[in-house]
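One structure is given below, encoded as structure tokens.
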Amino acid sequence: MSPIRSRRARTALATLAALAALALAPATSAQQVVDRWRPNPPASSYGQRFDDLFLLITVLIGVSFAIVLVLLIVPVVRDRARPGHKASFDHGSSLHDKRFTAVVSVTVFIVLDAWVLVVAMKDLREGYWNMPRPDTPDVLRVEVLAQQWSWNFRTPGSDGELGTPDDVLSINQLTVPQDRPVALNVTSKDVIHSLFVPDMRVKRDANPGAINVAWFQPIKAGDFQILCAELCGYAHYQMHGKLHVLPAAQYDAWEQEASAIALAEHDPNDAEARWAWDFKE
Amino acid sequence: MTRTLLPSVAALALLAAAGLLAPGDVTDEGRGAAPAPDLPPHARAPYGVPLSVAEGARLLAWDKDIERAAAAAEPGRFRKDGDTWVDARGEYAWDAEEEVYWQDVPASTLTRGRQDFVQFCSSCHGLQGDGYGRSARGLRPPPRSFLRSTFKFTKVPGAFLPNDDALLRLVQHGLDGTPMLPWAVSEQRLRDILQYVKSLSPEDSGWRDPTNEIGDVIYTPPDPVTDESHPKHPWYRQPEKAVAAGAEAYHKYQCWSCHPAYMTQKQLNALRGPSFADTAYDASLTYGKLKKDSSYEVLGYHVAIPAPDFTWHVLRYGRDAREVFQTIAAGIDGAGMPTWGRTDPDAKGSVPDEEIWAIAHYVRHLVATYQDQPAERAAFMAGVRSK
Amino acid sequence: MSGDQIHPVPTGFLRRHVFSTDHKVIARQFMWVGFLGLFLGGVMAMMIRWQLAHPGEPFPLLGMLFWPSSGGAIPPDAYNTLFTMHGTIMIFVGLTPLLIGAWGNFCIPLMIGARDMIFPTLNMLSFWTLFLGVGVAVYSLFVPLGAAEGGWTAYPTLSSNIGTPGDGETLWAISIFLIGASSIMGGINYITTIVRLRAPGMTWGRLPLTVWGLFFTSVLNVLFLPVIGSAMILMVLDRVFGTSFYIPATMAQGGGGDPILYQHLFWIFGHPEVYILILPAWGIVGDLLSFFSRKPAFGYRVTVGALAAVTILSAVVYGHHMFTTGLTAMLGESFMLLTFIISVPGEILFFNWLHTLWRGDLRLTSAMLFSMGVIFVFGLGGLTGIYLATISTDIYLHDTYFVVGHFHLTMAASSLFGAFAGCYFWYPKLYGRMLDERLGKLHFWATFLPLTFVFCAMFFSGYGGMPRRYFDHTDNPYTNELQWINELTSTAAFILGAAQLLFVVNVLKTIRSGAKAPQNPWEVGTLEWTAASPPPHHNFDTIPVVLTGPHEFSNPAIRGGKDWIYQTEPLSG
Amino acid sequence: MDHALTLPRETPRHRTDVALGLVLFIGSWSMAFATLFLSFLILRQRQPAWPPEGVVLPSLGLAAAGTAVLLASSVVLAGAVRRLRAGAPGFAARWALGLALGLAFAALQTWLWSDVWSAGGRPDSGMYEGLFYMLTWFHAAHVACGLLALLWIQGAAAAGRIGPQRSAPAAGVATFWHFVDAVWLVLFLGFFLF
């Protein structure tokens, strides 16, 4: 890099660099929390597809941006205005130039866009939109009713039928079995919310007056965070819950117990409590 | 100059339409067709919501609040006349024949409270505070109706109305396991909201009924497990001893008549003494009971909330032993949980304080070990339920 | 009036300065409203960043002023108002007036060799309608129950009176309608002026790229702002007269509407709106890169073709904002494909810029630095758009900080750098005084570095799964792990905010004691530099006759040792 | 309006400028009407039954009468502009007739509203009434602007500022009126007839 001639400019840049360094030193408040900048490893069957496609796009974009940077920095260094230095005269309107631009843009479209498109379409067909068919035996149907600032979940309980007295109702807590597909029906009572489970790589808007379907299949047991991703008012940030994924055996025990308790708590003449709709496959 | 009049005229016409903006107090009645009968009142899209409160309210005041206000107020505002405070500004007034203090809450405070109430609370508690907001349909437990001035979790014994600080702490704590959030709203705005909520109590009931009395949080003696001033107490720094005593007390005082029992029938009989040696309990011994009489009414029909099973349900206001102690001691008004503790320091509670502390520790033990631990819980309950 | 009819110079303070019909005065009015908007939006951004980095702590200095009841800390409803008005003010009161209002009004007549806009009264009306809209928006901040709180997108049913009672949201909708009306008037004026008032010889092939950018922006303005106008009318009727166009049947007795209808209407306008903001910046950058590389803009016709393609395609790609809303599979995938196709003209434009720089004779003035800043920032922003155009990655990334980083890089940074480049380049012509170059370069680096850090850090927090529009990320354990990124981002954002003071100092210092600007400080050939600085009321004594294109730099045919030529000078041979 | 007096004869160039500006305005604002009409069709299609049973139907006769009156006023105004451009007498009279027909339409419209209002139909009493009021109010706002413009041209013609040598404003206002008329036609077919 040619030395920056004026001394004052150099001192200005130096102070700026110092300021930036100060800013970048991480503010170390008591950090018992594990700091991360990447999502947790995927916990759902099609979750890995997102990570792979994200990596692919990052690589493609990284390379393209590196090329752009080179094409940006070289002129600044080499073609800087100096006495005796001349610019080349080129309107770039010749046929050769137009053909060159066409070729470059087509190759960029093929390399960058078409490749990503193909992978994305495959992911959608086989993963995100590959809803479990209604007759698959072990699918767990879950009805999610979002409301201003909490999630109401409803699972069929041990009899496997929704709309029966033993359905398990819970607020902000959803317990699902491992390695079994979970089909979600998501809707809302009042404003638009969005069910977002980062570790399962699933997100579905809960629109009032409409039922959206989504699905995921947990491949790992544990507790995962449920968040709301669509602005829904003042406590949008407090509208989070926990997704408990239990190994199959533990889940069955839990489901028995939950159904028994739900049955014990069932109050026939309290129609309001048993909100339900016929599940949309 | 006027050659291009059209766009500006269009803009002005629009603004004229905008002038109809604040329809002011267009209440539900002010409009034509009544809502369809089958949908509950809240289902009407609330346009033209009245946001201002016209006149102030005269509400019951609490003498301790007045003392605190007197201490904090500028000098000379309060003076003691005999044994009653006199407020120079006239906000607090002593009512001679009812022997109560009244507080005249100005309309401006109620308006601010109303606006924040509509903004934050109406989605569950309803635009009229009747506990039936848009989001309230199907919620169990249903949101509190402020038209009946009974509050379950303020830690104030049922016979009394909760004071402002108890209500404030309840809102800031939120009720775990329910959509009632810990509200991050500033204390000043919360107090205005609470004044508005108090003003919702109907004529001569709640804060408008002079025969009611405002009480403080239940008397809470120090926790023997952590009380430094009595190091020689057997439970001091030994919570497992308190838990063991708690298990015994829990079953001795028949908490299991509403809550589930956590002992086999044999152990229970042994604990309750020879006269009950061969009692056979009914099948629901180890489940929370759904008491019809302890249910309460929401918009015309009964709602029964089962007593929580401490190994399963989330405690709504019991994050630590102290909060559980206060809930047991104060009881839950209108939910069949009596006041077990001492309403004031010199009275005698139906259960000695130490026993209540023991039960509190036992309950916290059950919650800590079995909640969200399905395997352990299944094993424990299987053991209890085996004859 | 049109043609070479010189209308009399207005006398009297009102005619000359307040209700003036001179496009240069109106340009200054728009510029100052734009600067006011950027300042207001900037302060709100600082408050938002403060709340994200230090949740609950009182905002220094201004906190007690605005929120005494919470001791200076920002309450949750005020936070929602902050990011709603931050978005609205930055877009409609900051960038639109500055980029399209100020530089559009100033550059179009001067660059095409006209005396004034074709409808000067409509031009004046356009400013005052915007002023009215801004007034209504500012008034809505002080309405009981606070201003709009539904985000700048204001999706119903949150923006209906179910989600946000009170008049704030209604006034917000009215102000958007008025600002939209002002942009429509401006659009009509710009298109007719460019079509009808070009100087003799100024063929479509000799128009500077800035004018092309503004032309396509006006086309989009004229076509798509009425769509948001109608969407706002439906919302106002919902809120004030109780109709239920956006309120579904399950929620209201008279219901039957569809909140998704609003999303479609909003984004049919929304995506062209972001192109409305970027097209002028693309035009300005296209020109400035050629001016300061002393080299013709590479592939002038291809660039204009790319701008036209983007304008046409911008109408059909809006679906990528709604991938998770429940579009049918076919609709979602077709929008994905169309969004990828619209990235092609963007890339072509990009290559032409880089090709312009290649083998040029770069004069690194601050305007040039800002233009190259746009290349860097739009490169970064545009490329990260691919994550969001693909449904399978957008399902995870939608409504997270990744999206915030993306649209700030493309819409905020690129348009902002284009506006700053315009300021440094045309300020001498507008005010007749040179802006201080040293301060300009310092302002560029002091803005560019923290800005890149802030918006790239948002990619990391978005990738980590931090949702958008959260009041307090420490409330749940998952986003609490990303809080450290918030703290860094906020620190850098405060530096970025402070850096803008350099520009304020530069402008204020120059008004009083800036060096007198020669007629053509940058040795550039477009028509506005043939007029004096600042140009007289009627711009040109005689309407110039255009003989050459705007980018004839380093043309061997130019004699006299110069490497540039006025558009009015013939290219011999 | 001091400017007009000092204005020389209106050049044909200026006339096409105004024409282009007006075409752009009408093209732009027809997008607004198109959006509202499209929303009307979408919302109408979402309703279980259209028109919902038990709803108060606005009387078709009144709407048809309004359409006829509006069409008539457009024809009359077009004739007036042709006469103005040709320099023939009778422009002011025809223009006044057009204005009167416009006012008649406004009266019919108000009568239509009062019918529905008195029968209890409010904007919030259902989707049908909501759409009815939305479409007619928005159109009526433009009829009001049109009437104001017609009145202004009538005044300008009386004061001599509008004449054969300066007819662009009149032509412009007439074109805007035809636009408002066309919108009403679409609205009449879309809402009242089908």
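Observations on the structure shown:
By written order: A, B, C and D. Residues from 1 in each chain.
Here is the rule we use: contacts are C-beta pairs under 8 Å (C-beta built on N, C-alpha and C of every residue); 3 or more make two chains touch, one makes a residue touch a chain.
None of these values were measured; they are calculated from a predicted model.
In summary, the chains found to touch both chain A and chain B are C. Between the chain pairs A-C and C-D, more C-beta pairs are in contact across A-C. Computed from the mean C-alpha positions, the centre of chain B lies at a distance of 60 Å from the centre of chain D. Put simply, the C-alpha centre of chain A and that of chain C have 29 angstrom between them. Separating the CA-averaged centres of chain A and chain D is a span of 50 Å.
Rounded to whole angstrom units, the spacing between the C-alpha centres of chain C and chain D is 35. Touching two or more other chains at once are residues 76-77, 119, 122, 162, 184, 241-242, 244, 251, 254-255, 258, 471-472 of chain C. Multi-chain contact residues of chain D, defined as those touching 2 or more other chains: 3, 25, 122, 124-126, 137. Shown for chain B are the residues that touch two or more other chains, namely 1, 3, 7, 10, 14, 17, 31, 45, 47, 119-120, 134, 184. Residues of chain C touching chain D in their complex: 1-3, 5, 7, 118-119, 122, 184, 187-189, 191-192, 195-196, 222-227, 229-231, 233-234, 237, 241-245, 254-258, 261, 265.
Within the complex formed with chain C, the residues of chain D that make contact are 3, 7-8, 11, 13-14, 16-17, 20-21, 24-25, 27-29, 31-33, 35-36, 39, 42-43, 46-47, 122-127, 130-131, 133-134, 137-138.
Of all the residues in chain C, the ones that touch chain B in their complex are 56, 67, 69-71, 73, 75-77, 119, 121-122, 125, 129, 132, 144-146, 160-162, 165-167, 170-171, 174, 177-178, 181, 184-185, 236, 238-242, 244, 247, 251-255, 471-472.
Across the complex, chain C is touched by residues 8-9, 12-13, 16, 19-20, 23-24, 26-27, 29, 31, 33-39, 49-50, 53-54, 57, 60-61, 64-65, 68-69, 71-72, 74-76, 79-81, 85-93, 97-98, 101, 104-105, 108-109, 112-114, 116-117, 119-121, 123-124, 127-129, 148, 189-192, 194, 196, 198, 201-205, 207-210, 212, 225, 227-238, 240 of chain A.
Chain contact summary for the complex, chain B toward chain A: residues 119-120, 123-124, 134-135, 137-140, 142, 177-179, 181-184, 284, 287-288, 290, 301-304, 306, 309, 312, 372, 374-375, 377-378, 381.
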